[in-house]
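Here's a structure for you.
The first chain written gets the first letter, and so on, giving A, B, C, D, E, F, G and H; residue counts start at 1 in each chain.
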Amino acid sequence: MKKEKLSEILKKVAAGQMSPEDAEKELESASVADLGFARLDMDRELRTGYPEAVFCQGKTDGQIAEIVALLAEKNGNVIATRATKENFEAVRAKVGDARYLEDARLILVERNPLEKAEKTVAVVSAGTADIPVAEEAACVAEMMGNRVERFYDVGVAGIHRLLSCIEDIRKAGAVIVVAGMEGALASVVGGLVERPVIAVPTSVGYGANLGGLSALLSMLNSCANGVGIVNIDNGFGAGYLAAQINRSDF
Amino acid sequence: MKKEKLSEILKKVAAGQMSPEDAEKELESASVADLGFARLDMDRELRTGYPEAVFCQGKTDGQIAEIVALLAEKNGNVIATRATKENFEAVRAKVGDARYLEDARLILVERNPLEKAEKTVAVVSAGTADIPVAEEAACVAEMMGNRVERFYDVGVAGIHRLLSCIEDIRKAGAVIVVAGMEGALASVVGGLVERPVIAVPTSVGYGANLGGLSALLSMLNSCANGVGIVNIDNGFGAGYLAAQINRSDF
Amino acid sequence: MKKEKLSEILKKVAAGQMSPEDAEKELESASVADLGFARLDMDRELRTGYPEAVFCQGKTDGQIAEIVALLAEKNGNVIATRATKENFEAVRAKVGDARYLEDARLILVERNPLEKAEKTVAVVSAGTADIPVAEEAACVAEMMGNRVERFYDVGVAGIHRLLSCIEDIRKAGAVIVVAGMEGALASVVGGLVERPVIAVPTSVGYGANLGGLSALLSMLNSCANGVGIVNIDNGFGAGYLAAQINRSDF
Amino acid sequence: MKKEKLSEILKKVAAGQMSPEDAEKELESASVADLGFARLDMDRELRTGYPEAVFCQGKTDGQIAEIVALLAEKNGNVIATRATKENFEAVRAKVGDARYLEDARLILVERNPLEKAEKTVAVVSAGTADIPVAEEAACVAEMMGNRVERFYDVGVAGIHRLLSCIEDIRKAGAVIVVAGMEGALASVVGGLVERPVIAVPTSVGYGANLGGLSALLSMLNSCANGVGIVNIDNGFGAGYLAAQINRSDF
Amino acid sequence: MKKEKLSEILKKVAAGQMSPEDAEKELESASVADLGFARLDMDRELRTGYPEAVFCQGKTDGQIAEIVALLAEKNGNVIATRATKENFEAVRAKVGDARYLEDARLILVERNPLEKAEKTVAVVSAGTADIPVAEEAACVAEMMGNRVERFYDVGVAGIHRLLSCIEDIRKAGAVIVVAGMEGALASVVGGLVERPVIAVPTSVGYGANLGGLSALLSMLNSCANGVGIVNIDNGFGAGYLAAQINRSDF
Amino acid sequence: MKKEKLSEILKKVAAGQMSPEDAEKELESASVADLGFARLDMDRELRTGYPEAVFCQGKTDGQIAEIVALLAEKNGNVIATRATKENFEAVRAKVGDARYLEDARLILVERNPLEKAEKTVAVVSAGTADIPVAEEAACVAEMMGNRVERFYDVGVAGIHRLLSCIEDIRKAGAVIVVAGMEGALASVVGGLVERPVIAVPTSVGYGANLGGLSALLSMLNSCANGVGIVNIDNGFGAGYLAAQINRSDF
Amino acid sequence: MKKEKLSEILKKVAAGQMSPEDAEKELESASVADLGFARLDMDRELRTGYPEAVFCQGKTDGQIAEIVALLAEKNGNVIATRATKENFEAVRAKVGDARYLEDARLILVERNPLEKAEKTVAVVSAGTADIPVAEEAACVAEMMGNRVERFYDVGVAGIHRLLSCIEDIRKAGAVIVVAGMEGALASVVGGLVERPVIAVPTSVGYGANLGGLSALLSMLNSCANGVGIVNIDNGFGAGYLAAQINRSDF
Amino acid sequence: MKKEKLSEILKKVAAGQMSPEDAEKELESASVADLGFARLDMDRELRTGYPEAVFCQGKTDGQIAEIVALLAEKNGNVIATRATKENFEAVRAKVGDARYLEDARLILVERNPLEKAEKTVAVVSAGTADIPVAEEAACVAEMMGNRVERFYDVGVAGIHRLLSCIEDIRKAGAVIVVAGMEGALASVVGGLVERPVIAVPTSVGYGANLGGLSALLSMLNSCANGVGIVNIDNGFGAGYLAAQINRSDF
């Protein structure tokens, strides 16, 4: 709860406009919708300017549909991540204007598109197999009011592919780098751009990639400055963070 | 075997009421029913006051049914954990009054409900996907004679959800915290309540959560005092331990 | 902050006995002493009935001395853990009645000894090398108002040593098991007692013990019911949790 | 190749009974049957007295059938491990007297049963779910000329089950202990018997058992003397080693 | 090399103002000073607006002194990280105005202080032992033209300490969270602020903290949105990234 | 891009034969075909003399078919690795002369077979289950202009099998060793041959083989000199590297 | 306690020669000497025929000296492992005839040398640096009544060194293989001998040897039959187990 | 032993020029000098053309000196790796012309310098702190008859440093890449050169570099073709392998 709200409540009590008991209740339950299986933060969008996000994995179709419907009704914009096609079918039955991006595993409801930030977010990815995670990042950043430029399949094994587009990457206000295997792309890009780099390790690879740990460790130990890492395959987190960085107005 | 029983047997021998040979046999085989594939402790309930529990994973339907039937006949109350629907069908064929809790993967036989303890056990969980493990814990605590209060989906990313119900959590005699991902909820709750906290890491998450190890390590390294940890997804263990704590009469 | 305090403040505001501004400040700063390098919770003892604890590792001698002195003055009872002899010298210069337990690496100030709980806490340890951690647990439990019974060097390789004292262990209200190497003692004790068992893995061992991970994993996977685990070598945590369990009056 | 054979060949050459060229060839190719995909050691049985074993995992049905058929014809006795039912069907089509033990995943051909050793091999297992691995160990030991006594479901959580049969276990010439979860049984048995103990960790368990690593580490760090460990779920290896130990005549 | 420079060189060649051979050499060696043991990027400051940084660990005193002296002469501002007191003595002999921050292990030369950004960077840390890493982050952010506000010892075990200063934290343009042990602070802060959070796990703790991996994994799996992670104890990287974020003018 | 090309472009500009703008474009985009989801390096074959390789895992059937078709048309020779049968069907619809090696999971297009190197590449493997990886290595080396000699199922448990063919192995210009389980074969071969050994750990095994990590670690710690390791199951990489070594003419 | 003793006690009670109370006490405390910090099993030697062993690591000089003195007086033969020179000085002050083997870190007291077994124990080691662990194994086996033959520095990188002495190794009743780095020696020896092999991984190596884990995993995954593993650097355990195997009379 | 030697011995026996007994002995002991603590392969140099190498770590000063002296006398050229200054003092006392390279931790005796190969070996390293390992590799390659070109401090964070010297690197017959932290340099170089690349991960870094595992995993998962990896910090192995590759005459 925002401090201003706390001040306001206390002032009302002091002015006799609110009883202490009511104030206490208000302080405790404000802005949470309790569905039994979920307590929804109904005014995060209000607070942050960003759509509320729903993590689908581990929830039932019914739970997801109910949550998305409630948030869509209240806030207009919703992002549901790691969604299966089945999840989407359930949502669409309740929320007719929901869209599904299969590659990115995203369900999106976008009734009040945000105004776009001035600078772009660049999404750079190493290989074709990294595209689903890159798309998750790109679409989330777009939903959060950013124009996104995509630079795919520019892994370091053929570095001239990256160098030939680096000037365009440098123009972005925030750069997302998506790479599996050894994740070296994050360090190379980190050394070539001046704006913040968000690195997303992916689970692409086999054997000693340990489900993405090789790329994760590589990125955490990057010799380049100014690189922040998110969880393996966490395109959503990268898109969200890049949006926050790119929109200093928020 | 209880010491009193040992004393008793020895006294009988001294009094000539039992031959040394019989005493020896008694000492060795007392209270174990040997099914070939399992040696059942037939009087744990007698000894501990709690229902005997059966770990279903890795046992065949037939084995589970035979074990549950025998324990139900002898003790009245039985808990079977990590049970599939198939396991349950096999059990129900032999034990008509067995119930199945699908979410919690529990088979329960409860012929002699235990008297409830005075204080409650609080079960607090971080996200909707953690509910199955939370339910396993809650139902086990209930079977063991406790009233349970559930506080679900109060993860730390929206801490006002937790703070708004913390006073109710504080009233419990023992608190179970169920959380996946980074498992931070255990530390926050541990810092806010005075009674013992049992923390259950779950495998909810992906990538660097390493199947639940991230939450497990987080909880083991909790900066809060008075937190005891159980295995990943081990709702049963948490429910059992919380029951032991909450019932100081046992 | 306790809910009652919140109610009280709000009531004062409503009654015009406190200005909203003062209430806000009170809500924010109550009970925290800010030393620059540390923000001390000055009324945890008041709140929990237990002495505040200071984790010495990573703090300078000067910082530790200042913190302990402040807490001792305010609360009377203080526990400082993982303390070196040098830490202690610095503390004693400021707090004359501080004691140092070298084995357990504890600095204790105990001006208002707590009344003892009715039941004992049992501290059971596997080998001689586990004694320092066992002592840390035992002394913490004692400071927190418990009588402690020690059962040392009863590891499972010579199980008759354990069996010969198991009846005494069973009388305790809470049992702490301290073991390194394979940590099997926790499972054996867990199977033999009815009260809660707190298991402390230690780093005793070498090679594939991985600094205590072998014992930790062993305890987490215990086939016995009702075992809660704390971090490797965390005698303090076990003592604290056992005290909470044994004193249902708190 | 046995040293005696080397001596013999050299002597023949010296005596002019064999040309140097033939000797060289003999030295190189003796006793190996090359199937293209496999080079079979055709006289291991001759050399070791034990049946040759075939590791089925990763081989095709056809390869397994061909190998088993060839060895059966040459040696009479064959053990094929980690065999699926499909593997067995393919074998039986070629080797009519092959048997399949589903639990233990073994295909056995036993045309010249070995004479039994004087002492028994004891196979002790912790839980019902450990039985398949225990059976693999037991059946292999039997094939290798040992009488086997089984002690199943005697895990340490109910230690009286183990103590009631420990005297019988002590009579064995070698003891195999099979346990998953925390694997504590190996240490307890190791402390109670004087003969060598072969410990087999199993993958039974979940969460922090890490696919059997918890039991493996536990056994490697056993505080008991005289315990040798084999790979997780390696019932075959344990049975083989126990047979070698129990048959000092080999 | 910047694209503009490439264009410029090519234009000079086209205009006959530069020979192709010279152009080639220029393209290859521009802006790198080769000391034998190091190739210094002499115009990163020019390019990025930020001081060049030197990673001291693994370099000799002499190498560090030579590198810092050269960069100081060329650029005016230099940051040397993970510096020992011995490193500093060697540097000071060559660079009289170098300063040493012992806690933060930083050597700083600051001849042309950067203008400060409008918003602050908040540095929030969990415990007293995390202060050295927090100071490294704070001082680096300051050198890079930011005003820094410090919020130390506000770990989640006493969450009212954090809540009482959260409004001030929310005013920052970028937030750095420094925490060891279970690292839960990152998730709680991440859920409470709207601006980007850079999380720095520290190696503070013991046992199952695995040298900081517990906090690292915790932060990577944070349930809060908008959290970017850097390497364990990498205060420099966090300060650098926060500065990049806070200064959208760069 | 090759340096000679750079020189050439610059000379053209100096001679007025190319405008600076065209030169810039040329430098940036040369030799990359952008398919949207992939940027193909169209003249690697020209540059390296070797066929371009496509990593199929994580790409869709359609993507693979399009890439292979384009490369086949341009270069004549293509290798696609980790290809499923479905991948192949899609490719064959577009590239009639593509072949599929099921064991090795390779799709090959070979329109301009390379001339064979003088020396052979030896591929040595430990067990029958390692053959698929060995075949991947062998076929890649063949495509790259080498005659390959195969020595399969010569694992160290029956070392006479290896010794009987070691002289033939020694004749190769490069030796590939493929082994799972404990991977000991690499050390033994490494000690017996004088030419470079490329070791490929495989995931063959179970339990503590950790998906191939046991063999990988074994090979990395080999006590033999002159052994280079590739990723687990990476037959392609080994074949490629062995070809580079064996063909000093490239 | 031996079953015969149990029978005997019960018979005495039945015969009125012992009171039930005395029997109970006898059953509980028999054969344990309680030093406060240690409970010594005073008749293991009697029971097992082997000297009692003391693990010195983690015990103080005074504790070690007291334990060794007591066991030496009672049993005559004592083995103290992982002993430092300081430990030994403390022991020698109390036990004049104690010997110290610096390499093997053993303190030995041998007043009643055991009769030697008929067959030898072979100790085979890979490199010079493995000798300390090999010596620990060898000396323990000797103390336990075995003649030991040493075959040192016969690692697989120069396999002719091993082959030239393999016939002598084959004559042993039990074979100990000690190897660090990749530990391949265990598999090669395991494939060449018919008697049981006890493999001891050592921590010799660096980097990816992970403190001995590489050799440990290698040995656990050995493709040879009949290999039992002990903990990293556990020469004592290997010597003890080999002695048990070689002395079938025990 | 070389096959030719075997043929020769057999022919002598056939010709009556050697008794079978002598032949047997010859076959067994040829070319090994047994020092008790070491069995030296006295004719590896003869066989391989390369100097014998001694791994110093874990050997005593005396052992090292004795081994180096013996090999120097017999072969003329010796390489001793991971040598401390103390090791060297002991060697110099016996071998006057031994040299010590402190950085590279090498002791070298070079009495018969090998003729140099035609092509060079390139040694490329990422940072100043990687130089000791790079020097180990370079000096070993030099001793083995190669001219070496060094390219140090060309890590990917400033990729123009690498690109400016890549043409010179491409001229080498074999390329060694030495890098710590995230090890990305190996992939970038691997993508830019056509000759074999040997990658050496170093332990340079901190935190999540896990003692070099991050660089190791990165290199194993390299997206570039034709990269072979050696153990962490294993400069010797890389130098040896590069020499074998560069000298196809061996």
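One rule holds for everything that comes next: a residue touches a chain if its C-beta (ideal position, glycine included) is under 8 Å from a C-beta of that chain, and two chains touch if they have at least 3 such contacts.
Fair warning: this is a prediction, and the values are worked out from it, not measured in the lab.
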- Query: Which chains does chain A share as contact partners with chain E?
  - Reply: B, C, F, H
- Task: Overlay chain B and chain D by their C-alpha atoms and let me know the rotation angle in degrees, rounded to the nearest 5.
- Result: 90
- What is the chain whose Cα centre is as far as it gets from that of chain B? H
- Item | Farthest chain relative to chain C (centres taken as mean CA coordinates) | F
- Query: Over half of the interface residue numbers used by both chain D and chain G, so same, or under half, so different?
  - Reply: same
- Item | Equivalent of A-E within the choices A-C, B-D or D-G, defined by over half of its residue contact pairs recurring | D-G
- Take the average of all CA coordinates in chain C, do the same for chain G, and state the distance between these two points in whole angstrom. 38
- Query: Distance-wise, how many Å sit between the C-alpha centres of chain B and chain C, to the nearest whole number?
  - Reply: 25
- Query: How big is the gap, in whole Å, between where the Cα atoms of chain B centre and where those of chain E centre?
  - Reply: 49
- Item | Mean-CA-position distance for chain F and chain C (Å) | 58
- Item | Residues of chain C touching at least two other chains | 27, 127, 158, 207-209, 213, 216, 220-221, 225, 231-232
- Message: If we use the touch criterion from the header, which chain pairs count as touching?
- Response: A-B, A-C, A-E, A-F, A-H, B-C, B-D, B-E, B-G, C-D, C-E, C-G, D-F, D-G, D-H, E-F, E-H, F-G, F-H, G-H
- chain D-facing residues of chain F, complex: 127-131, 152-154, 158, 160-161, 163-165, 204, 206-209
- Item | chain D - residues contacting chain H, complex | 6-7, 10-11, 13-14, 16, 19-20, 23-24, 27
- Message: Quick check: in the complex, which residue numbers of chain G touch chain F?
- Response: 126-127, 155-159, 181-184, 186-188, 190-192, 205, 207-210, 213-215, 217-225
- Note on the structure: In their shared complex, chain F is touched by residues of chain D numbered 1, 27-32, 36-39, 41, 44, 55, 57-59, 63, 82, 201, 203, 211-213, 216, 231-234
- Task: Within their complex, state which residues of chain G touch chain D.
- Result: 3, 47-49, 53, 166-167, 170, 173, 194-196, 198, 216, 220-221, 225-232, 236-237, 240-241, 244-245, 248, 250
